[in-house]
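Please go over the structures that come below.
Consider the two complexes below, in which subunit A is the common component and subunit B and subunit C are the respective partners.
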Partner chain A sequence: MSAQLGRRNDLGLGQGLALKLLTAFCMLLLLAPLVVLVVYAFNDSRQVTVWQGFSLKWFAVTLQDREIWFAFRNSLIIGGLNAVLATILGTMAALAIARHRFAGRQGFLNLLHYPVLLPEIIIGIALLVLFVLLDVPRGFGTVVAGHVTFSFPLVALLVLARVGAMSRTLEEASLDLGASRWQTYRFVILPALAPAIVSGVLFCFTLSLDDFVITLFTASPDVTTLPLKVYSMVKFGLTPVINVISVLLILFTLTVLLAIHWLQKEGPHQRWGIRLAGVMVAALAVLMATSIVAERRQETLVIANWADYIDPELLREFESSTGVRVIMTHFSSDEEMLAKVSFGRPGIDLAMATPVSMEILRKSGLIVPFDGERIPNLRYIDEDFRHLGSDPTGTYSVPYAYGLNGILYNTRMVEGPITSWWAMWDERYAGRLIMLNDMMEAFWLAHHLLGYRLQDQRLDHLDEAYALLKKQRPLLRKYESDLVNDMLLSHEAVMAQAWNGQAHKLSSEHPEYRFVVPEEGASLFIDSLVLLASAPNPDAAHRFIDFLLAPERSSQNMEAILYPMPNATARALLPPEIRDDTTIFPAGVDGKRLNIMSDPGDFRRQIQGRWERLLAE
Partner chain B sequence: MLALNAISKRYGDVSVVEPLDLVIDEGEFFCILGSSGCGKTTLLRMIAGFDRPTAGRIMLDGVDITDVPPNHRDVNTVFQNYALFPHYRVYDNVAYGLKVRKTPEAEIRDRVAAALELVGLSGFERRMPAQLSGGQQQRVALARALINRPRLLLLDEPLSALDRKTGEQMRQELADLQARSGITFVFVTHNQAEALSMASRVAVMNRGVFEQCSTPFELYQRPQTRFVGDFVGSMNFFQGVVTEVSPDRLGVEVLGQSRIERRGASDLAPGDTVVFGLRPEQLRVSLLAPKDYENGFFGQIERTLFLGEATQLSVRLKSGERIDVKVPNYLMLEDKVMGLEQNEDVWVVWSKGSGVVLHA
Partner chain C sequence: MPEHRQALLGGRAEISILTLPPFVWLLVFFLVPVLILAALSFSPAGMTVEVFRTPSLEHYRQSLDPFYLGILLRSIGYAASATLITLLIAFPAAYFIASSPPRRQVWLLFLVFLPLWTNLLVRLYSFKIILGDNGLVNQLLQALSIVGEPLSLIYTPLAVVVGFVYWNLPYMIPPIYAALERMNPSLLEASMDLGASRAQTFRHVIVPASLPGVTTGVILCFVPTLGSFIVPDILGGPESMMVGNVIAAQFGQGLNWPFGSALATLLTLLVTVGVTLYIRYGEPGSTAAREARA
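Coming up: the complex of A and B.
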């Protein structure tokens, strides 16, 4: 048998080379994404795939971001508690299985594999349903319980492998020499298992730190962990901050892996492993302790918001003037926000809603009107925005910011100026055009250009719109929402449908890019703050909104997030270079030509079928 | 000192140790000899307290210890694979038994030093077990057990993991150690040479029962069963019939010839079928017919096997049976045993009275 194997390996250089190439290819597949991620953390540009020079500035930005720190702290506390609890439980389970005979032992052993085999999302949903049924308010406790649920079986399996390799005569020798059962555990079994147990601690901590799905389902809004934070940040396009966080997470995970690797070996490496693990555990303990000390109970205000959608300076100012701690919980889609505020006891005071979601929340009684008398600064809101379709009385929502959909193009490569959406059907730019990967925007635009209204919900109009989009399809590079700037910058594309906020990130660094709202009109999004019926602290919510609407703060906020706000007084206070920026405040915008997207209801299915056919082409 | 009363062990339907009795005296070096699976290790584990007997009692110094857990028995074990604690230094391994009994630190130091000196490992205190050779680990295991001054030391195949030379050297040391410490040893092995060379008494175990329990000399010279005769050393066996019984004589007919033997089971009567056993080294080959104080078979040398200190000849008898003869090599003559060749016709000869007669 072995002779045969030996011969096969010696078949000649050809096969050896092929094997090496295959190995290299596999390593490349495995590592290339990580290398790209790490390299671009040091990129000077704010685009994530276009290299512009070496810089550490994103590390500075990341380390100064208070919400990242909050998330990091939460991750540490949860990871630490999980590591301790899961390791204790897992070790106990392993010893019970290995050293004791009891009814259901085999079943218990089989069950230990379930976190590996079951999709995480099912465990997450099961935990969520359980917590809601038991009426357990979600928070640190529920997240830790969730993490322990999936990580302790892994510790058990890890320790079990070690117990299996451990000769049973060691225990017998200990008993034989007069040691009690307890002394045998203490002096023989636990030291022999120490490498597996310490690996378990690090492993659990890392699993906990990296977990997204189960945390998503079990966390309350004030318990945002690092992965949840990263995910919510992706909404506004990838920024290098995400690369930086990833680099730090990769570094941490590699250190843990190295420690675990060393721990598994006998000899001097094992001692280094124990030292490394010891240093890490000590450092984590200190960080955790300081985190818990910092976590004093105080009055809080919880806001569900898009990531990077408010000036953190303002939050700090509000906190120091009122003593109320503001906690941001982030979401990355309207649907996610609705799920967040509708299930169980969310513990959220204010939420950022689109007109569509606001309508849903209002109809289901999940939001209540604001008390206008307690928000005197409401008077600064522009009249046009006060009574939007979904909130005719203007009491359920406070408009926050809006954005416009238009065309972003490279003036050096496109013959301009561009004034019409028909430019997106210009065959001269075939293969270098981008439309947003957004079904409703695409079909609204097609209807609008044909002189129809999408809200009429007519199938014949829909077919015509589909034909128009189908005609455009071969001209498109692709439907893309996230990497529009990167593709323009790398000249993969020359013209794109884009939101003005996104466009500004490009045009502020590269003036050759221009954003216009075409003369036919455009789609408008508007985000408004709503007050949840279940808000734990409605008083602070009212105070916070009044604080935010004061013109000088509104202006500061606009300067920070670079989205226009319906507050003319505040706009006048902006520095001229921002006030006059035609990307942030596009020229010639006439309210009549702007569309506010509404929910198409059942008609969505008709649109969906055609959209999928477009994507498939 | 140690008494086993009708002790037995069954796992479900499988009987591992049949009910057996045994008394071991103070200061004995007692050896249990048997092939693997004969139940000898199970017996040892019951004495140590790791396995509970299915029935029967274990008495130590007149006290019933059957239900006493191993950590409360005044018995220590040296395990086959030594079972040293891999994460402890030699010092801490040896000190373990004293440490868990909360012995004062100063006393521990002295006794560890004494125990290591006893096994010749002074100066190895700070080594880890992985840094020791097999023989050294063996000595640490001995020191670790002896330091507790047990009433009884159990040794489970302690030499089987050592190379032959080291193993033989350790036999001598173990015997010395036992003599010097005066501690009663119960030694389990499958190696007859170990058993014969060290033990004061040997019990041969087969399929859960003691075949014979006697001194090494008795065991070898007067095996009481065919199994013992074959397992301890080797033996040629023949069917026979008893022809004559008197207080000092026993007549047996083997292969149609009458043999007179002096030894054998005393409860035989004329006409009984028996097994007649001859050890190869009790035989010699000769071109001459046996004298009247001798017995002999006539046959042809079929095969010779050089063994080093002796040569084994296989002689095919007229009756078709084969008999092995072991001839010391100092009798060799120019590469041939006494000038004998293959296919040569010879007599296989032995002194009357040197064979054994056993129950069939």
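Coming up: the complex of A and C.
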């Protein structure tokens, strides 16, 4: 194009000072976050917002993190498969529309625009519902299906633009000279489209590498992609590892782009370059295919768990002694766990359940009893914990750990000592309080403070409790369960409802933080492992639990997660400073009322409706 | 169509071979699932997925109660304001880039696309570092003694809008740039020769020329923002919850898939009708102008 504004801008339009400044501002907005990400990747501190000095240690941590490598590899496999499939489908659609007149052509074109137009979340949940209805297990296949669905229409539109600009003369010449339709495609049309197709491949690959929403709804825990991994890291604890990942991603993209740029350079080696790229893509595809086959051979065990709730070293030990790969998928509330395991075939073996969720899962037939004979170490579980109310036969669950929640606060910023839950309604700390993102805990506490019992299931009491929580709402920074310590450390909050083990991790390193069980009492939790009816590998699940319950391992695990486990033999093995720590083993709670949550049944809907309002108002 | 071209079109078989796979794919993985979703929205809530057992309008009644309607309106408000702000920031930059010498254009466009090289989640997370209570903005403001106590920036609607604008800029600048760059400089010279001021030239020549790009940019920003749930999820507080968060929560925590489906179906209708109307009537300069030119 000869008449372009930039080439013949003799008037100097659009180059004034004001525009320069506005453009500079725009670029600052675009690039500042990247600069911050890169700079803070070299930060020595664990806290992401405080600069402490230059260090490369987070690169070492990241490169050694096995989960990140797996996620990256999964992303490459999915991206590669998507690039191949979506480019083929997209090119076909584009050729059909550009070169043919047929009934429904306009409709077909409109249909192609539709997946591009709809918000991703709709495609994500629609596919999830489809896979659940058809009882398709989620995995690589379902994720690739999702990615192809949103990326091939984009390739089609991209290639369409190119075909539209292509002259038909060559095609006509080829046919006139006696070439068949196929030969014309092979030697005339496709080579002319090669640049558009190559950019299509790249484009699909990057779309895949970046997609979060559709992957979230179509993936199973064992095909975690890089964006899913990053999301769970952002959700469950902020570390500079996220910065390092972003630096590596930028470098990776830069390398790929430079390679492509070099390959596409005008000149004699262009054809050669495109061929080389083709061979490389084919080799990559073969590599990926074999990698998936190898993957399928390896036995895996998938566990849905709270974040930071098991000693990773124990997992490594189990893996090296049995050859089973353990995959963790995290959730941040009981409700999220239920949603994760309840529909279709989620590909999860074991889940960490509270008494409430265990009861729901048992009643809906989603969990099955363990075979006690295959878990000899069950004998170490304390007798009191063997027959909990939600599992009277003691066969559906293996008690894992227990604890309670109280108030964790910064003694330098809160006038203490704190003794009552009403401190969480103290207007002096408006905007700097955190409540756990836990529906049942919130409503239990509100009922309790009002002198009611949640289990009475009375609507009038529920409304009063709701009003009390609503009064607290404007004082809260957030309902949050996972980033409590991070937010307290960064002073985004000064006081929080928190679990004791979580609190101990903070207060043991930073003595200015204190944890108390308020005088009104507190809520006790007991987490148990349950075996899902849809578990792909129940055998490994039994072996894993038996492995975990051995006293020396339970003891090691308790030391790592800092929650007590119902295993007296293991407790005896703990170092005295942990065994006698009253935050971990709450001794000061004698005489205070402790609550154990039970399943509210259908009343749950009533609570849920009010909880959603609290969250959104 | 000339006679010999007709011959080029290939047979019915070729058309089927080219159209069937993409069409079947869209049918199976897009159209049918979206229709199933719509059907599911009439089912009672429960822990099993049942379509068309006992149809009820319960979930649509719930969707239209003032609370959820409020969230829907809020989402539209967020999407509209974020799109408008993005447009206001993107337009001058796109104009500047389009009128720069070619070499500089390449560099500036490179910078515009740079953020897309790394994952969106990572980029949003960087705003936690920037907008946090002891983040960079607050550190700067405190160092300059502009504020004493740190401002609460993160987990507010402000942070969400900033996140959206940041997310959308690389999608808004290129289409506007492309539209302006295609503009014929002779038109500008003519306008100035005929005595129009710079402002008049801008108003009567440059703005109309940019409209097709603006239309594309607005759709590319507004629709994903409307349905987004990651940005409010990571940067927002409770009061910035959007319809995407409610839908995701029904599937992720609420165990109420039919209600989530009802909201998703409403969102689908809203987007479909909205975009169709916008393309047809919204921008007087766009479709009409394009048709006139064609």
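Annotations for the structure displayed:
The criterion applied here is as follows: the second predicted complex is superposed on the first by the 313 of 617 C-alpha atoms of A that agree within 3 Å, B and C clash if a C-alpha of one lies under 4 Å from a C-alpha of the other, contacts with A are read in each partner's own complex, and residues count from 1 in each chain.
Operating definition for what follows: a contact is a pair of C-beta atoms (placed from the backbone, for glycine too) under 8 Å apart; a residue touches a chain by one contact, two chains touch by 3 or more.
Not measured: the values here are computed from a predicted model.
In the superposition on chain A, A:Pro191 makes contact with subunit B only, not with subunit C. In the superposition on chain A, contact is made by A:Leu175 with both subunit B and subunit C.
By the touch criterion stated above, A:Ser167 is placed in contact with subunit B alone, subunit C being left untouched. After overlaying the two complexes on the shared chain, residue contacts for A:Leu258 are found with neither subunit B nor subunit C.
Contact with neither subunit B nor subunit C is seen for A:Ile596 once the two complexes are overlaid on the shared chain.
By the touch criterion defined above, A:Gln183 reaches subunit B but does not reach subunit C. When subunit A is checked against subunit B and against subunit C, the one touching more of its residues turns out to be C. With both structures placed on the common chain, the touch criterion links A:Leu284 to neither subunit B nor subunit C. In the overlay built on the shared chain, the residue A:Ala126 is in contact with subunit C alone; subunit B does not reach it. Touching of subunit A by both subunit B and subunit C, each in its own complex, is seen for residues 172, 175. Residues 167, 169-170, 172-180, 183, 187-188, 191-192, 194, 266 of subunit A touch subunit B in their complex. The residues of subunit B lying in touch with subunit A in their complex are 48-50, 69-72, 75-77, 79, 81, 83-87, 96-97, 99-101, 130, 144-145, 148.
Residues 1, 3-11, 13-15, 18-20, 22-23, 25-27, 29-34, 36-37, 40, 48-50, 88-90, 92-93, 95-96, 99-102, 108, 111-112, 114-115, 117-123, 125-130, 132-133, 145-146, 148-149, 152-153, 156, 168, 171-172, 175, 181, 206, 209-210, 212-213, 217, 226-227, 230-231, 234, 238, 242-243, 245-246, 249-250, 253-254, 333, 335-336, 338-339, 342-344, 364, 366, 431, 473, 476-479, 490-492, 605, 608, 612-617 of subunit A are the ones that touch subunit C when the two sit in their complex.
If you check the complex, the residues on subunit C that touch subunit A are 1, 4-5, 7-10, 14-15, 17-19, 21-23, 25-26, 29-34, 36-37, 40, 45, 47, 49, 51, 67, 71, 89-90, 92-93, 95-102, 105, 108, 111-112, 114-130, 132-136, 150, 152, 154-155, 165-166, 169-170, 173, 180-186, 188-189, 192, 198, 201, 206, 219, 223-224, 226-230, 234, 237-239, 241, 244-249, 251-257, 260-261, 264, 267-268, 271-272, 275.
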